[in-house]
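Consider the two complexes below, in which chain A is the common component and chain B and chain C are the respective partners.
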Partner chain A sequence: MLAAMKNRKSILELGIHFDHIRQKTWTVLNPMKPADGSIINETDLTGPILFCIALEATLLLAGKVQFGYVYGMSAIGCLVIHALLNLMSSSGVSYGCVASVLGYCLLPMVILSGCAMFFSLQGTFGTVSSLVIIGWCSLSASKIFIAALHMEGQQLLVAYPCALLYGLFALLTIF
Partner chain B sequence: MASADELTFHEFEEATNLLAETPDAATTSRSDQLTPQGHVAVAVGSGGSYGAEDEVEEESDKAALLQEKQQQQQPGFWTFSYYQSFFDVDTSQVLNRIKGSLLPRPGHNFVRHHLRNRPDLYGPFWICATLAFVLAVTGNLTLVLAQRRDPSIHYSPQFHKVTVAGISIYCYAWLVPLALWGFLRWRKGVRERMGPYTFLETVCVYGYSLFVFIPMVVLWLIPVPWLQWLFGALALGLSATGLVFTLWPVVREDTRLVAMVLLSAVVLLHALLAVGCKLYFFQSLPPEKVAPPPQITSLPSNIPLPPTLPQSMAPS
Partner chain C sequence: MPGLASKRRIPVSQPGMADPHQLFDDTSSTQSRGYGAQRAPGGLGYPAASATPQAAFLADPVSNMAMAYGSSLAAQGKELVDKNIDRFIPVTKLKYYFAVDTMYVGRKLGLLFFPYLHQDWEVQYQQDTPVAPRFDVNAPDLYIPAMAFITYVLVAGLALGTQDRFSPDLLGLQASSALAWLTLEVVAILLSLYLVTVNTDLTTIDLVAFLGYKYVGMIGGVLMGLLFGKIGYYLVLGWCCVAIFVFMIRTLRLKILAEAAAEGVPVRGARNQLRMYLTMAVAAAQPLLMYWLTFHLVR
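What follows is the complex of A and B.
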């Protein structure tokens, strides 16, 4: 009992708040719900790393050994979106924040690659579902960025580069 | 939001006309028209970056702010904040500029009418990125579809096409405007009335003119050769027309020879780009010389099988 409490305390000291992770996950899973800008400002990479590992696990179970591509594309994509957001918003944004948001919004892509384990996505249904998932990911990501950085009227402009990045991930999942 | 933008611009044109006739009347008409428009902006909700201020009494503050901004607007091109001013665009402005490049009209100069001397770098950069991405993806997709129809062709994903597409599109979209801008500035002495465009305005014009190639490349997936050439000709015509209409006011005061040579060079380079893309990205793979046995071609390509590796590496 004491050991469990000690473990919980040390996890909290690391800065991992489970209810924040859960809140952010629900924000991503529900793209129609408006995002709360304040929770985004903490740079929390636990969730994103978990989702990356889940994505790679599902890809592995589907028979594709491509860890290098996942990490490489995430790093370059984060850099590009970080540069773009700093140029477009009046307040700057840190790299960790961008990586955190993009990682959280990778969750629907994990669902897509989970489906790829059971049936091939190289058909009409696969194309349509991957387009829907890409739209879902990029809308969530842009919604969170807009709320956190107070950018008005630029949601589609932010969503489009995110859609290109998630499109690359979807290509990795399908082919 | 687009309608509020249109209202703002028409207002400025009226104001400049009025200023030409009676300088005193200009200020009252501006402030009178500002109030209802300010209410319109509030009702719409989020304002664009050109949106007029809501309260009339802030007009003097706005003038002071503008002066300050102009004084502060001297950061060098090596600083980050210099480039920030070129990304200060709205979704509606970008969509408006794309629409303007898709439908060139003889009277409307793209730079004066749509850019309003405020070029942005968002449009050209992402249109080039999309075009490179779409070229690489459709280039690979045509090979996949060709393989489905004719199993003797062996397909392997050609990732080098992504790099080739990226480099060629970006070089075209940046080096050709650089050359054009340099040439126009060199001929500046001949022209009295209209100054040349700035470098970024030229880049903007070229970037937005490449937008029409994106649906053209997607339509090139249809494997009917005469249809592909038809789409190519249509898109090239639209794009080149837009470029010519934009460049014509600047070039028409020059000698006829220089004007004709310049415009035909611009159209020729554009045509070379389109034809080059078609020939490089959409060429069909030759059928494999040693036809592999049927059970190997039916396996999915992503599971590596050591004995077939030398055969599968041969055509790529």
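What follows is the complex of A and C.
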């Protein structure tokens, strides 16, 4: 009992707040709900790393061993979006924040690659569902960025590069 | 993650040791809720936590010193980058070109595909500085060229993939060759502007923006080529070539030619003739480059 309490305390010491992770995950999973800007400002990479590992696990189970590409693409994509957001918004944004948000919005992609385990995505249904998932991911990501950085009238402009990045991930999942 | 590793060690408390707080500059409690921007060492994957529970693992002096050194090094590095990045990349000037919104992008894309009905091509000024692209559709921006360039590289990868010629280094080759052509164009135009001694307010970044607009037409052409074959490619590319030719002439005319000529009054003189030829040459180079950079992608 004491050991369990100590473990819980040590996890909190690391800065992992489970309720924040849950809140952010629900924000991603529900693209229609407006995002709360304050929770986004924490640079929390626990969720994203978990989702990345889940994505790689599902890719592995589907028979594709492409870990290097996942890491490389995500790093370059994060850099480009970080530069773009710094130039487009009036307040700056840190790299960790960008990586965190993009990682959280990778969750629907994990669902897509989970489906890829059971049936091939190369038909019409696969193309349509991956387009829907890409749209979902990029809309969530842009919604969170807009809320956190107070940008107006730029949601589609932020969503487009995110869509390109998630499109690359989808290509990795399909082919 | 060094934090986790040292947590597993049994913390050795040493009598007579100074308070660990003095060796570790504790910024976490004040800034762990704030913007990530100030937390240089805490940025990537090192979640901030208050210092008191860390006292146990910070009791080890070596890890103390390592952390202090590491955090000071990271802070120094960040300062260095921030100081020097302004020397190489004029960030404040660039921000003007990215002050766009969705309406502007929509209207500008429409203008790039159909510039024939637009009447007023002058950029509005506000107390000597040009107005931000958000407020005037004639102002140049860098969002569209940058996104168009990235999309072009990705679409080129897609096109090569459908021809079974795809490999990641080929993608890099495509990207660098397009970038090289862009640089060549910018240098050639700047050189000719210098030789013709034109006094314009056409900055280098403006020029890069204008020259980047042709990638939009190229993307359209290649996508149509992928969907409908060579006929679709030639049709759409032809349309976009004419459109970008007209767009460039009308935009550059206001920048390069003298004011009288820009209003349509034909002014005699070798100088204005030369400027007219220069404008036409720049505008004519666009369709040529558009064809050159895309024909090998559509079979």
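Structure notes:
The rule is simple: the second predicted complex is superposed on the first by the 175 of 175 C-alpha atoms of A that agree within 3 Å, B and C clash if a C-alpha of one lies under 4 Å from a C-alpha of the other, contacts with A are read in each partner's own complex, and residues count from 1 in each chain.
One rule holds in what follows: a contact is a pair of C-beta atoms (placed from the backbone, for glycine too) under 8 Å apart; a residue touches a chain by one contact, two chains touch by 3 or more.
Every value quoted in this text rests on a predicted model; they were computed, and no experiment measured them.
Annotation: superposed three-chain arrangement on chain A; chain B versus chain C shows a clash. Once the two complexes are overlaid on the shared chain, A:L87 sits against chain B and chain C alike. After overlaying the two complexes on the shared chain, residue contacts for A:Q154 are found with chain B and with chain C alike. Looking at the superposed arrangement, the partner reaching more residues of chain A, out of chain B and chain C, is C. Of the two partner chains placed around the shared chain by superposition, chain C is the only one that A:D44 touches, whereas chain B remains out of contact. Look at A:Y95: by the touch rule set out above, it reaches chain C but stays clear of chain B. In the superposed model, A:W26 makes contact with neither chain B nor chain C.
Of the two partner chains placed around the shared chain by superposition, neither chain B nor chain C is touched by A:F119. In the superposed model, A:G63 makes contact with chain B only, not with chain C. In the superposed pair of complexes, A:Y71 makes contact with neither chain B nor chain C. Looking at chain A, you'll find residues 84, 86-88, 152-157, 160-161, 164, 167 touch chain B in one structure and chain C in the other.
Chain A meets chain C in the complex at residues 9-10, 12-16, 41-46, 49, 80, 84, 86-88, 91-97, 99, 152-157, 160-161, 164, 167-168.
The touching residues of chain B, counted against chain A in their complex, run 1, 46-48, 80, 83-84, 86-92, 94, 122, 126, 129-130, 133, 137, 157, 300, 302-303. Chain C makes touch with chain A in their complex at residues 3-4, 7, 32-37, 39, 42-45, 47-50, 53-54, 91, 94-95, 97-103, 105, 143, 146-147, 150-151, 154. Contacts from chain A toward chain B in the complex involve residues 63-64, 84, 86-88, 152-157, 160-161, 164, 167, 171, 175.
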